[in-house]
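Please find the structures below.
In the two assemblies presented below, chain A is common to both, partnered first by chain B and then by chain C.
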Partner chain A sequence: MNEIKANLILDAKGLACPMPIVKTKKAMTTLEAGQVLEVLATDKGSTADIKAWAGSTGHQYLGTLEDGDVLKHYLRKSSGEEATERKHPNVATNDELLTKLQNNDSIVVVDVREAAEYAFDHIPNSQSIPMGELESRLNELNKEDEIYVVCRTGNRSDFAAQKLAENGFTNVINVLPGMSQWTGETKSINN
Partner chain B sequence: MTVKAMTSKEVTTKVFNKEKLFVLDVRNEGDFQDWKIEGENFSYLNIPYFDLLDGVEEIMNELPSDQEILVVCAKEGSSIMIAEMLSDEGLEVSYLQGGMKAWSEHLEPVKVGDLENGGELYQFVRIGKGCLSYMVVSNGEAAIVDATRMTDVYIQFAEGLGAKITHVFDTHLHADHISGGRTIAQNTGATYWLPPKDATEVIFEYQPLENGNDVTIGHTTINIHALYSPGHTIGSTSFVVDEKYLLSGDILFIDSIGRPDLAGMAEDWVKDLRESLYERYRKLSEELIVLPAHFMIIDELNEDGSVSEKLGTLYAQNHGLNIDDENEFRKLVTENLPPQPNAYQEIRQTNMGIISPDDEKQREMEIGPNRCAVR
Partner chain C sequence: MSKVAIIASNGGLFDAYKVFNIATAAAATDQEVAIFFTFEGLNLIHKEANQQLAMPEGKEHFAEGFANANVPAIPELVAMAQELDVKFIGCQMTMDVMGLEKESFVDGIDVGGAVTFLEFAKDAEVTLTF
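So, the complex of A and B:
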């Protein structure tokens, strides 16, 4: 099974409810906004509880992988990214990108969310380059390509698009709002 | 203050006695809405335990000071934590021992009545899930009908009465709960009876239960007549015990009737269901006391906690027995049905012996209400 990158791994194996959530809550406070936590648990009820807890606290529940008896839950700490102002001028809507994909236009879709976010829900054939790795992985992209940058809500992709433009990429488009409202086909590590 | 454990048996007593109880259910909202502890005079607050990790101050003014408070969760761990937090705030509270898991498994035996020539009939009320099973006892022998998977309860109960279990029946192939019939038969050497039309796919030996079978418990004192009454399943069979009681399985309930769709055959079985309810049962004495395999709502419990009613009264009051128009009847039992029971396909396969999940898995499969009826 593919490994999914996380900033912190919490081992809550063998613990019964409520301990997996109690420990998850504590671990979350040590993370920075936007970072990913992986929780290992064996309590079957933990999936529903982590999902509901994330919903009520504003953190992002990304998904769960089953590895034998162990459940691996992935969460992303809430980032408050909705508030920032976007600067990259060249933008497209989700629908515009969807049309391009349906027409099989020769474009490149770069997903700059964390690897764990990408793993559970992404556009087929999109390329995963998490924001934090972009600078060191610019050589994986071609400067002349028509590059659509997506994230969850359009903010990280805005930064990424700016970064690409600064580095000489000429045809970079930020997709708004991004995966949070994506209605087209997606792929997940679970199917 | 110390936190007390309350057992499912104690809660059952409160349900039967219509006592007051304030239930603080700390499971997820969805789980609570789907299935909770029901009591006529119970009141509720549902707030997930994980919303209270920083403290219980915010709910203190929603909790009564003049009523017993019971904290409930799925398995008990979270309810103990929340109960202790409330206790630190000066409240005296209890938690449900074993949580909803234990509640789902609790069986409360209630004596339904004495039989001719000294026998007794007991109903086992599975209060948390609405399943009803039966034990007929006579002259040192016992028969069990529609046993749940908590087989020790029946075996110990029979031992307590000094009775040997000789016959075990299932009225039909159950889809809402895992039958304990086969296990009890294996452990006691009793004969396990199943309607053959429901048992075409079972992979174990059983005694075919057919219309007109008479089984005797004790010294020829109690007769159990099998009465073929299809509709919930094609094999569904009722029993007339001692010419006084009608064990109706999942065909007829107190305030509802059986649903024909759980084996995927709703359209085909509607006619059978109607014929069983409107013709076969009609020919029986109205004085028979109906003992169903389920109750749906807590209002169906009698004063003593048992679930029963005279057949004549049901013909007068049960809506499902009073629909003259066949199309209307068809609509009632095939359209707008309640959701199907949790894991009902896997439960059917378990009851056929095709799959053998472990105890933990069986528990999980049975979680939730039974939903075998339509009203």
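So, the complex of A and C:
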């Protein structure tokens, strides 16, 4: 079974409705914005409930893995990231990146979302380097490459693009808006 | 914050689960919840009665199912609902009729009349009766 990194794991196995939701709510309050919660549950109704719960509380439902009888739900705490101002000057639209990919141009796509977000939905052949790990993993990238940075809405990727530019990467492009409205092909841990 | 207004007017074990499951789920989903306990519904928050609520006649065999499904006991759900800030309103009129005092009920309830509940419910998006 694939492992997905989470900031906190909540064990709600063996609990019946509404306990998984009640416990999820409590666990979520202990996390910081942008962090990922993994909820282990055996209540079969929990998949629909967790999805609906995320929808009405504004948190991001990433996906669910089945591991035997155990359901592993992944949620990301809402961050209010929609409001920030973007500073990296070099940007491309989703469609422009899609065209580059379809033309097989030699580009690198770096996905700076959390590993759990990447796991359930990402551009094929994109490289996962979560924002928090970028600084320590710069050696995995080449300074000369044409690097397209994606996240969910274009804000984390803006920070990442700035960070790369500061470190001598010369051809870095922030992709807007990013995975939230990506229409091209994607891969998931579930397929 | 959207509101959920619930009237609990029946006092059996099944009724209690319907009321408290919906109430705790709603509260955990960031909704403001109030329950008006009236007539037999008062059993659900009565300190002694809610420890031993009856199953409907002929359904006693479900007791095992409840145990197997690891469903929390009613007093636990009551405590959880209160922890999630669900507001409990006991019906004054029923308490008077049945000769019950506020002290017989779990701590932290409000006692009020129909208008107390209606004041809360008037702008609730969801209103439920059990």
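Please note the rule applied: the second predicted complex is superposed on the first by the 191 of 191 C-alpha atoms of A that agree within 3 Å, B and C clash if a C-alpha of one lies under 4 Å from a C-alpha of the other, contacts with A are read in each partner's own complex, and residues count from 1 in each chain.
The rule we apply is simple: a residue touches a chain if its C-beta (ideal position, glycine included) is under 8 Å from a C-beta of that chain, and two chains touch if they have at least 3 such contacts.
Please read all numbers here as calculations on a predicted model, not as lab measurements.
Novice: Label the relationship between chain B and chain C on chain A in the superposed model as either fit or clash.
Specialist: Here the two partners, once superposed via chain A, clash with each other.
Novice: Would you check which partner chain A:N90 touches, where first means chain B only, second means chain C only, and both and neither mean what they say?
Specialist: Once the two structures are laid over each other on A, A:N90 reaches no partner at all.
Novice: Tell me the contact category for A:M19 with respect to chain B and chain C: first, second, both or neither.
Specialist: A:M19 contacts both chain B and chain C.
Novice: Who does A:A48 touch here: chain B (first), chain C (second), both, or neither?
Specialist: A:A48 contacts chain B only, not chain C.
Novice: Scan A:S56 for contacts with chain B and chain C and give back first, second, both or neither.
Specialist: So A:S56 meets both chain B and chain C here.
Novice: Does any part of chain A touch chain B in one structure and chain C in the other, and if so which residues?
Specialist: Of chain A, residues 16-19, 21-22, 25, 49, 53, 56 contact chain B in one complex and chain C in the other.
Novice: Sort out for me which residues of chain A touch chain C in the complex.
Specialist: 14-19, 21-22, 24-25, 49, 53, 56-57
Novice: Using the touch definition from the top, list the residues of chain C that touch chain A in their complex.
Specialist: Interface residues on chain C, with respect to chain A: 21, 24-25, 28-30, 69-72, 80, 84.
Novice: Which residues, counting only chain B, touch chain A once they are in their complex?
Specialist: The touching residues are 28-31, 48-51, 53, 73-75, 77-78, 81, 364.
Novice: Quick check on the complex: what are the chain A residues that touch chain B?
Specialist: 16-19, 21-22, 25, 44-45, 48-49, 52-53, 56
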